[in-house]
Amino acid sequence: MFRSDASKLSLILLMTPFVLWIGLLIVLPQLGIGYISLREKVGPREYELGLANYIDFINEPIYWNTLLRTAWMSILVTALALLVGFPVAYYIAKIAQQRSRAALFLLCLIPLWVSDLVRAFGWIVLLRETGVVSGMLQTAGLISGPVELLYNDVTVVIGLVYTVVLFMIVPLFSTLDGMDNSLLEAGYNLGGSRVTVFRRIVVPYAMPGIVAGCIITFMLTAGSYLTPILLGGKNSSWFTEQIYDQFITRYNWESGATFGVLLLGFTSFVVWLGLRLTGQSLANTVAKE
Amino acid sequence: MDDLQCDGLTKRFGNFTAVNDVSFAVPSGSFFSILGPSGCGKTTLMRMIAGFENPSKGDIKIKGNSVLATPPNKRNVKMVFQHLALFPMMNVGENIAYGLRCRGEPKADIAHKVAAVLERIGLPGVEEKEVAQLSGGQKQRIAIARCMVLEPDVLLLDEPLGALDLKLRERMKIELKLLQHQFDTTFLYITHDQSEALVMSDNVAVMNAGRFEQIGTPQELYHSPASGFVAGFVGDTNRWKGRVVSIADGAAKVQTAAGEIVAAASGEDVAEGVEVDVFVRPEAIELGVPENGNSLRGKVDSLLFNGANSRILVRIADGELIEVNYPVMDGGGGLSAGDDVEIGWARERGRCFAAAR
Amino acid sequence: MNVAAPQSPFLRWVYGGYMFAFFIYLAAPLTAAGVFAFNDSLFPSLPWNGFTLDWFFNDTEPKLGMFYDRRLLRGLEVSLYVGLIVSALSVAAGTCNAFLFERKEFPFKAALHVLMIVPLVIPGVILGISILVFASIVANGVEETMSWDWDMLRPGLFLVILGQFSFLTTITSLVIAARLRKFDIALEEAALNLGATRVRVLATVTLPYLAPAMFSAFVVAFLVSFENFNTTLMLVGSDAPLTITMYDRMVKVGSTPVLNAVSVFLMLGSGLLALLSVVVQRERKQP
């Protein structure tokens, strides 16, 4: 019939951009780095397939230490962001007056629209040796000479939490905002203490938001480049820096691709593990925004 | 001349038959309702007429011509949707002009026709208003005007009063009827509310589980229902289960738990020994024993005051509650809960139908 | 009484203090980046030497303002160019995807839907290198078989656009699909019933309904594209967008107040755009 032909045609027309996009820009390129990572250079323009690049990675402690360090710091940053972000989201969604709620939320979003670069630059202006904090501490007489607050792990973590905390707050806010206060009232009414109500009602209700926030935060942290490099300096040993280094500076695509596959595999594993442990799915967490 | 005619219309979704062999004809200029509980297939039927679903079998004719091959945007049947579906991105005038613009009519004509139809529905000069500024009843009229300006052969209305509050619904019932007279167009109205159907319609089809149980005037449906379903669905009624003891001259003697009663035997399958449902309307039952009627003894359980529709709940011997007309206008007879009463009704006011298996 | 709030005044006070500290934390680096654009000094640091707009409008070294700095301006131009193209493309593709997933049924729909979200959880650096690698595999293939140098597939703006498009489309798809999900299909049926053709229904009913979502998807895509660094860094050629230019400057020259000026410009720009998108959304809700 005419109508089913038209609907088949429109399906094909709508499917085409999707397939081109996902196929050419996501799936094939990922297979591409997978392929390159399995390729070993044995001579000029001569290659062999094999796991040599991965073996190199394992044999070189600097490489896998960097990956471990990135992983561990990312998990730390994610946990801190949750710890810092949850009270904020809860305050805006549940405690703030109806009228100031939108304003507070927008206030939270403003830094979201400012480039990573500007944020990192702001921290540099604040924290470097000749920076604002150092200057203020000297004027206050707390320290005698200029102090370098950049280029250490604490600063990197502070900067990273800053960069990602908003991505934690937004999903948390939207789930908490959907929670009816009468759930809390019922909880207290039935004899729950503040702790049990929080643990048995608020946290389970906010779970999709928590998972979504953690996934996004973790991905952004593990994949971040600017903040660790600018705030951590040359010794930040961040894994994305290694990838950039291999690709652009050393032009060693084979090992760069290997690192890329490892990073992607590792982050995907953590995301999968997180979803698995909390019984959530990608579609109802990340896609909610 | 019939404006709309359906012949053996059937619609199946997989194994489920939503509309099953439905045939009817709507005479020109009449108000025709399809009344049925939700899920009975009435919406599917209407969507087939509008062209949003293709029938699995059967034919739909508008002004005598089959429209099965006509796509929905070419059929001259217009539809008022359940939630009206007024376009929120357009103002009132643009909403009404939409169909005319689609036809490519000249601008001046469009403005003229829009103004004229707004005049006819009693809302002159609201062209520039936004849809959200209108009240529920006004939106209703705009939705009708949007269709009527196209001068359709048939206007379909899909429970348009469902979203209104009770008071407004009562008023809109009358208003819809007046509008239909004024436009002199065939209305096909679907609803699950029997009072809407009874008040407005020239003819009503009662639909159940994909089939038409009965087509008739509101009076026919009310006074001589053709099936137990119709008797139970249209109007308030009491219902007993029983078994036919004997039949004579179309009157069946039925043994119920509360005693023996006589009722008109309706339908061919009422015969001796058959399980039946007996239906008697509350307003047919009075206090006291009528001459040559049925009567039962019972105790007043409670008095339900509701103006002209007031009822006495009487608990009869087997423990069942019966609704009985409560003549409040006569002062109510000084009844109170717990009183022993005798109730009765004329034999021909009760009907029995073979119980559904 | 708000049951969600702490009941003791002390705890409420502590909570309020925490919120205040949090907003200070949020505002501190942005303020620092902003304020020193107006300091009449060669370095973005204390002491405060007085207010100046030189870092925006001065046309001579050493205090060359950002609007006279050729390379920064070129970067801005490239960013605008890339942003507009990539946002338009991703809104178009996102609209198609929204219709595909909200209106159509097809095999493996759930799996493909997950695939649609996946670009959001791939680190930007990896999106960048994978597209770089794939493009050069294709380019090398083309060169070897047809001895034709397909320059487009070497690092440059074309790849930057593809790279940003690859994950922005997920965002636009989600935004537009969320709006389409709320659309009452009866509106389309009503329009058809009133005699409109399918194309007309799309143009007069469905797309106007989607317009605010498409607009905010465009704004979001534009902002994200403008600020993107990680993916762009891997794919950039000789024409660098503003963030890359700024980063180069930061690494090579060190921090100078002109970077603060650029920061102010970026903050104002994104703030205004975001505000515009909020206002448009609200306008649509009013009637």
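When the chains are written out, they are named A, B and C in that same order, and each has its own residue count from 1.
The definition used in the following text is that a contact is a pair of C-beta atoms (placed from the backbone, for glycine too) under 8 Å apart; a residue touches a chain by one contact, two chains touch by 3 or more.
Listed by chain with UniProt protein names: A = ABC transporter permease; B = ABC transporter ATP-binding protein; C = ABC transporter permease subunit.
Computed from a predicted model, the values in this text were never measured in an experiment.
Across every pairing of chains, the maximum count of C-beta contacts belongs to A-C.
The chain with its Cα centroid farthest from the Cα centroid of subunit B is A. Per-chain Cα centroids separate subunit A (ABC transporter permease) from subunit B by 60 Å.
Centre-to-centre separation of subunit B and subunit C, using mean CA positions: 56 Å. Distance between subunit A (ABC transporter permease) and subunit C, defined via averaged C-alpha coordinates, is recorded as 16 Å. In subunit C, the residues that touch at least two other chains are 198. Across the complex, subunit C meets subunit B through its residues 184, 186-187, 189-198, 200, 204-205, 208-209, 287. Against subunit C, in their complex, subunit B makes its touches with residues 50-52, 72-75, 77-79, 81-83, 85, 87-89, 98-99, 102-103, 130-133, 146-147, 150. Every residue of subunit A (ABC transporter permease) that touches subunit C in the complex is listed here, in rising order: 6, 10-11, 13-15, 17-18, 21-22, 24-30, 32-33, 35-36, 84, 87-88, 90-91, 94-95, 106-111, 113-119, 121-126, 128, 130-132, 135-136, 162, 181, 184-185, 188, 215-216, 219, 222-226, 230, 240, 243-244, 247-248, 253, 256-257, 260, 263-264, 267-268, 271, 282-283, 286-287, 289. Residue ranges of subunit C in contact with subunit A (ABC transporter permease), taken from their complex: 2-5, 15, 18-19, 22-23, 25-26, 28-33, 36, 43-47, 92-93, 96-97, 99-100, 104, 106, 110, 112-127, 129-134, 137, 162-163, 165-166, 169, 174, 198, 223, 226-227, 229-230, 233-234, 243, 246-247, 250, 255, 259-260, 263, 266-267, 270-271, 273-274, 278.
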